[in-house]
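Labels run A, B, C, D, E, F, G and H following the written order; every chain starts at residue 1.
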Amino acid sequence: MEKRDLQHLFERVAAGEMSPADATARVQTEPFRDLGYAKIDTQRGIRQGVSEVVYGAGKSAAQIAGIIQALRSSGQRRVMATRVDRAKADEVASLLSERDAAEFVYHEDAEMVVVGGAPDPDGNGYVVVAAAGTSDLRVSEEAALTAEMMGSRVVRLYDVGVAGIHRLLAHADEIARARAIVAVAGMEGALPSVIGGMASCPVIAVPTSVGYGASFGGVTALLAMLNSCASGVSVVNIDNGFGGGYQAALIDHA
Amino acid sequence: MEKRDLQHLFERVAAGEMSPADATARVQTEPFRDLGYAKIDTQRGIRQGVSEVVYGAGKSAAQIAGIIQALRSSGQRRVMATRVDRAKADEVASLLSERDAAEFVYHEDAEMVVVGGAPDPDGNGYVVVAAAGTSDLRVSEEAALTAEMMGSRVVRLYDVGVAGIHRLLAHADEIARARAIVAVAGMEGALPSVIGGMASCPVIAVPTSVGYGASFGGVTALLAMLNSCASGVSVVNIDNGFGGGYQAALIDHA
Amino acid sequence: MEKRDLQHLFERVAAGEMSPADATARVQTEPFRDLGYAKIDTQRGIRQGVSEVVYGAGKSAAQIAGIIQALRSSGQRRVMATRVDRAKADEVASLLSERDAAEFVYHEDAEMVVVGGAPDPDGNGYVVVAAAGTSDLRVSEEAALTAEMMGSRVVRLYDVGVAGIHRLLAHADEIARARAIVAVAGMEGALPSVIGGMASCPVIAVPTSVGYGASFGGVTALLAMLNSCASGVSVVNIDNGFGGGYQAALIDHA
Amino acid sequence: MEKRDLQHLFERVAAGEMSPADATARVQTEPFRDLGYAKIDTQRGIRQGVSEVVYGAGKSAAQIAGIIQALRSSGQRRVMATRVDRAKADEVASLLSERDAAEFVYHEDAEMVVVGGAPDPDGNGYVVVAAAGTSDLRVSEEAALTAEMMGSRVVRLYDVGVAGIHRLLAHADEIARARAIVAVAGMEGALPSVIGGMASCPVIAVPTSVGYGASFGGVTALLAMLNSCASGVSVVNIDNGFGGGYQAALIDHA
Amino acid sequence: MEKRDLQHLFERVAAGEMSPADATARVQTEPFRDLGYAKIDTQRGIRQGVSEVVYGAGKSAAQIAGIIQALRSSGQRRVMATRVDRAKADEVASLLSERDAAEFVYHEDAEMVVVGGAPDPDGNGYVVVAAAGTSDLRVSEEAALTAEMMGSRVVRLYDVGVAGIHRLLAHADEIARARAIVAVAGMEGALPSVIGGMASCPVIAVPTSVGYGASFGGVTALLAMLNSCASGVSVVNIDNGFGGGYQAALIDHA
Amino acid sequence: MEKRDLQHLFERVAAGEMSPADATARVQTEPFRDLGYAKIDTQRGIRQGVSEVVYGAGKSAAQIAGIIQALRSSGQRRVMATRVDRAKADEVASLLSERDAAEFVYHEDAEMVVVGGAPDPDGNGYVVVAAAGTSDLRVSEEAALTAEMMGSRVVRLYDVGVAGIHRLLAHADEIARARAIVAVAGMEGALPSVIGGMASCPVIAVPTSVGYGASFGGVTALLAMLNSCASGVSVVNIDNGFGGGYQAALIDHA
Amino acid sequence: MEKRDLQHLFERVAAGEMSPADATARVQTEPFRDLGYAKIDTQRGIRQGVSEVVYGAGKSAAQIAGIIQALRSSGQRRVMATRVDRAKADEVASLLSERDAAEFVYHEDAEMVVVGGAPDPDGNGYVVVAAAGTSDLRVSEEAALTAEMMGSRVVRLYDVGVAGIHRLLAHADEIARARAIVAVAGMEGALPSVIGGMASCPVIAVPTSVGYGASFGGVTALLAMLNSCASGVSVVNIDNGFGGGYQAALIDHA
Amino acid sequence: MEKRDLQHLFERVAAGEMSPADATARVQTEPFRDLGYAKIDTQRGIRQGVSEVVYGAGKSAAQIAGIIQALRSSGQRRVMATRVDRAKADEVASLLSERDAAEFVYHEDAEMVVVGGAPDPDGNGYVVVAAAGTSDLRVSEEAALTAEMMGSRVVRLYDVGVAGIHRLLAHADEIARARAIVAVAGMEGALPSVIGGMASCPVIAVPTSVGYGASFGGVTALLAMLNSCASGVSVVNIDNGFGGGYQAALIDHA
């Protein structure tokens, strides 16, 4: 409950327009929704973007479709769902209303569902999503599409792994001018360190579970990124492309 | 070597002002210095702040003093060194030139040395440094002082651990209006998740090694932060207050 | 063998009603059952509840049905089995006697089988089962149903994760008045710490395997809970909803 | 702010005794203190015991003495501090006021400081603290003394490790009649499982760092306890005797 | 090449019965076979038992059948194969010669194939195989059958887990008189410690992967067993019933 | 771009054969390929061997076939793909052009595809690939075939595990004369240490995921190899037969 | 209480020589001492050896001396204490009675104290203690001396690490004829596997904390030993020379 | 015993110059030294270098001096000892004979002792030792000096960490022409991957324990190196500069 609403309530009581008991009940029954934490949460400084994201893993097609419908009917124009494979996406689409289904798009590379399309970019610059290898594609696209859904322009630099350092150096300019960079890598996770040394903006490192043996499902990449010798690098969970793209878009809109 | 410099070189050769051999040598011998990565690195978009930081752990007082002198005489006005205890700081001070010693300040809480003072804040807003407990003080102050040295205004919210959630809620306003937040916590590392749900800006989580037994020197806090259920949270290494403050200041200046 | 039984035996021998050899055999053949450890174990202070629980994972439908029949025919009115999916439950039901099948209920959310219904609550207060997210539902329901089967009244507070702290605060009253609380959470496992700070009763924390990447199948939540900064929090194994509900019901009946 | 206080405020405004603006400010400035979480926290249903505990590790003698004085002068009769070695305790004592020093007692086995003595027991039964070996003494005494300070009567069963099972069985009676049991063990951590099978009350297992090699500083005992085959066992952090005693005393007062 | 063979060779050369070149070749071409390590390896002091065991996991039915045939036709009377499920066993049986198939027996509990039957016991006493729970059955039977195939008499004590300590104590006599004991347990792995305190012979502990969550596929049981507070306990790999039974039979024949 | 190419470019500009703008574009568009890092990378001193290897895991048959075709049409004579099972290999073959399909060979043991055959050996000696058990076959063959594809002669020593040390000693000569040795082992990973003590050349240790329980998917073998008490042993990732064979072939051609 | 004692009791009651109440008390007060577990425990089939061992780590000299005196005065002829360094041993000696001090010997290599000397060997054969390197000496000597104190003859084979396999092979005979072998190794822990392949008796593997980096204080050796490819190998805790020697002596006396 | 020696022995027996018994004894007593494994071991193809290296950690100055004297008096010209700090080195020097002391040199950066100087380089090319940071100096110098002692010419490239990639690229030429490269790095351990992409020779990666928090004493760097995306990279133990230099020198002499 914001200050002006609270003061208004007291004024109405003072004016005799509302009984003390009713006013008490009014504060008691909605005390925290009125404080608006959740709303701030879903806006987070990005006016045009999606305000709620559906994490699709472990949810049935029916559940995902249900949440999409609910969000759309409560007035949210754009909805996205992560970690939805092709088969489940098809099933989700078949369960949507005609209006929602018409705006339904499945992004296969990112394994994401978008309803309502992406907004026009309104960030302060652009976000770079750089990926070490082609196997990191799904996570990278999840990051890129998330940032786009939040209103950022995205420059994709894929297959720029450090074992062929010249491929990365060829993009030195785009890296130097970015507002935020998402650096995605599996295996030894070295990409964010090299990029961190080339960039003047924050770098969000996303470890992927790409690799085998002692990559331990992305733990090696995660640890390497946490120990980056470059300043300005922070890290999100393994395969959390969404988290990387989200954080980068926040910075692009800061 | 940027495009215009390269074209200029070819034009001089075409004009007969330079021999092909000399031009070849010019490209061969300075290819990477001309790309200027290092310079970009040390500026990173922050015009007034420190451009180089000395990591003091494992360095002798003589080495730290030597680096400070070298940086200062090469024209850098402000220098800071992290992880320097009181005894080593005193020794560093005794080894500096009169001019440098006069501007030497030791920040005991942060265990940091600063020569040349902090710049006036020139960020776009302010950075919050929030800490769960009093034991997290050193890391929190390292983060706060780093951000100040980089030109950010810092609001400190200390001892706001989640087991007394009302202490944190009392600062909901300051959290909601920050440009970037550094959330410092040891033990179960829950603070960034709660703050992440209250904030609309990026949250940089800094796990600390505070705790015992199954805290494993900060690993538990680190893992908890990487798994935050709040969006917009990224993480740096255990006890890396510098990294948290640095990233936050970058965002404040984005 | 309790003292009075033993004394009674000696008295019968003294009275010539029983030969020394028979008395010896009587003690020899039932020495430990008579000590009653097992019986105490299965009663544990709860007079109306279930005395034996079937752990269904890794058991065939035939085995589960067999154990249920055996327990029921030995006089136990209520039987429950945990970790039984829908398909196996159907098979179990088909294998029961008519009488048992008539009292068979499958609780899909908890993935539990109950035969004989729940007793009327006879605890001293009520048990709160709080859960961070909807994905924690199975474990939470296993905890809640277990406590109910043991004679506790249960108040469910679901989807009260710490990233939306106001949802939890809205239930401050119910938390403050509970006799015991089961706090269920995956990912960063922060819920028990926040609840621990709001409650005046013991909190049993149940980590779940919900999450991905560095959640390590619930290990992160487990570690976070063990390091809770709140007093009065103890922890059971990952996904052990049964253990949490069991412990809470014991406390509610203390 | 509790309901009656809030209603009272509205009534005063309705009666013209308070202006709407003043009432607004009153709610805005003290919203959470009035909710009283902290107070509930420090009382936790135990009327006679200590309400605040000082964790002494990593705190200087001056800091510990300062906190003790502050708590005592704010009206708290009994104060205890854990993890204080003999030398630090002596220094703490020398820093206290005459009045506090007169009531200062150092418990060497528990490495705890108590000022103001223990309250008379007012629990519903008694708490058993059982320990596997003599090396577990410090942790066991920390648990026992904590429970006593919180108003529980404590029965100590020490050196009842499972490799000499008869020593434990000799106390079957005391175990069967306890209201709560703290089971302390290092090495293989088997004690809580055996006790759990003998008891009808909740068992709080406390792993200790006693052991070498693959005991990994208590991790093995911790894991073993989390996997106890006995129902009704929950676990606290390694060496957390305080946590075990605290939880047990809560149950004894439930 | 044993001493007497070598001396014999020199004597033949001295006697002119063999040329130096031939003798040289003789030593050069068979130096290690003559040392006979492999033969000793396959006999290991047990005259009547199996001399070679087929580890069936990861081998096709055809491969297993092939090895059995080869061993049998090279004169080995009894052959056993571990970790063979029912389907694969049926296929193996169908691939054997008529003679071998006639002596083929599949032990479903142990998931083992035996061809040629078990020898009559010829050890010095008997081996106890004790198991904590019914879920440990496969591993326990693998241990028991292995020991029987190596010529040991086996006493099986199943479902004697430590949470019902009286069930174990009822067998104190059989434990006290054993020549070697295999103690099989998953979850918290406490059984060998309790048995170790009751026995006067070596105890071979076999951790099993029974459990969930923080049992980590048997690692918890393994660690607990390595940290046993009882003397005389040694440990083999997780689920290695064969190893436990083999070691116990060696001791029974020592 | 090599020096002579660059000088040639300048000479053409000086001679007026090329405009400065065109020359600039020429350097700008291929700046790093011309620096030759990639080419050096794909040749690595081995003139006759494969220059590019396709890592088949996680790639579809269509993708693998596409890459093979691309490499072959760009002039590369020999192509190999690792980690391709029989079914996928058949599909790859069906997707190749007639010319490529004619030279397609599937090596089942190594699970590798080779198009264009192996070159004649041109190393300085030979490479030994030694393997502890038959279960290590796939990894060993991947190593052997890789080395052969890179132009090395390979001597295979299989089933020479350390528990039958005489089998290994029988090959002392071949080990002593090798130019490089790949030692492949799972379980306890002891083979490289024993071979390291017998050899005078570098030993590349390849841990395999063969084993169960505490072998942790090859981690135990990996750790053992890193701790080898023999000098001259270095290690590659778990199951990385390709890496072992590649490194060994490099040494054989040094 | 054994059967005959119990029957005797009933007979006395039947004969009126004892009242039922007295008999009841007799059974009640000594139920477990009469079962005799502890006595069996301290004898464990070895008539001449030590029956109680003092684990010296973490005990003060005064405590060790006190326990030694207590054991000696209760009639135990020989006492040994492990993990006592030279300084503490000297202090222990100075605290003993004249009689005990006269029989006090400090074994520096084993860091063990022995009072009362070793018994004459009375095992069935001999125990081999084999060690990989000179750094494993303390643990090896702890094993050897323990076995000697328990009445076994010990053959020491030191510095027979697998990187110089010929040194081990030179002792093939002694290994082949042993009754039990303790194989001690740090680093990669390969020794027990090679010895296991050469021996026909049980091998007790003792990992040591010798090594650095990825040896993880003996964990690597421990894991390697648990995964031994040789049959007949079991393992004790890191640096547990006592456990290895104890188990081996039990087997030697089986 | 080499073939010609063995044949010679038979010939002497055939000629009656030696009795069969004496010849037998001759073979029996020196069987394995004559097989020459150890000698091959200490020569390993490098004719001028050191044949034995003293691992100084955990050895006293007296022990180190003793071993040096023994090796020197047995005819070995050059001896080196690793991991000897300045104080211990001084003590070693004071214990040597005059002749040895005259040739004693302490290399402070490498913490190594060398007696007898380094040989003239006789490899086929040169070895590069590249290090990421100044903190990696000790390990790097241990590698470099080891390679020099084994007869390799060494090119040192220090402080070429990947966060300032241009510093590394400036040395592209030296990297491209090396025979073997030792790449030393702590923290995220990315250096070997970048170098691996630039080099055409084997790269031996040496992780160092430099770092803090989630660097886990070098484990992160170790894992990153094992997962290198560049081919031709193998890895040695943490801080094992000796192992890296040794392996590189072997390759340089291949």
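The working rule: a contact is a pair of C-beta atoms (placed from the backbone, for glycine too) under 8 Å apart; a residue touches a chain by one contact, two chains touch by 3 or more.
This one's a predicted model, so the numbers in the text were calculated from it and none came from an experiment.
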item	value
Intersection of the contact lists for chain A and chain G	C, D, F, H
Identified repeat of the D-G interface (over half of residue pairs identical), from E-H, E-F or D-E	E-F
Maximum centroid distance from chain B, chain identifier (CA atoms)	E
Whole-Å gap separating chain A and chain H, where each centre is the average of the chain's CA atoms	50
Gap in Å, rounded to a whole number, between the CA centres of chain C and chain A	39
Between chain C and chain D, centroid-to-centroid distance (C-alpha), Å	25
For chain H, residues that touch 2 or more chains besides their own	35, 37, 41, 163-165, 169, 197-198, 213-215, 219, 222, 226-227, 237
Pairs of chains satisfying the touch condition	A-B, A-C, A-D, A-F, A-H, B-C, B-D, B-F, B-H, C-D, C-E, C-G, D-E, D-G, E-F, E-G, E-H, F-G, F-H, G-H
Complex contacts: residues of chain A adjacent to chain D	3, 6-7, 10-11, 13-14, 16, 19-21, 23-24, 27-28
For the chain A and chain F complex, residues of the former touching the latter	135, 163-167, 169-170, 210, 212-215
Residues of chain D defined as touching chain E within the complex	132-133, 161-165, 169, 187-190, 193-194, 196-198, 211, 213-216, 219-221, 223-230
Complex contact set, residues of chain A against chain B	35, 37, 40-41, 43-45, 53, 124, 169, 172, 176, 179-180, 197-202, 204, 222, 226-227, 231-237, 242-244, 246-247, 250-252, 254
Interface residues, chain D side, partner chain B - complex	31-33, 35, 37-38, 41, 57-58, 207, 209, 217-219, 222, 237-240
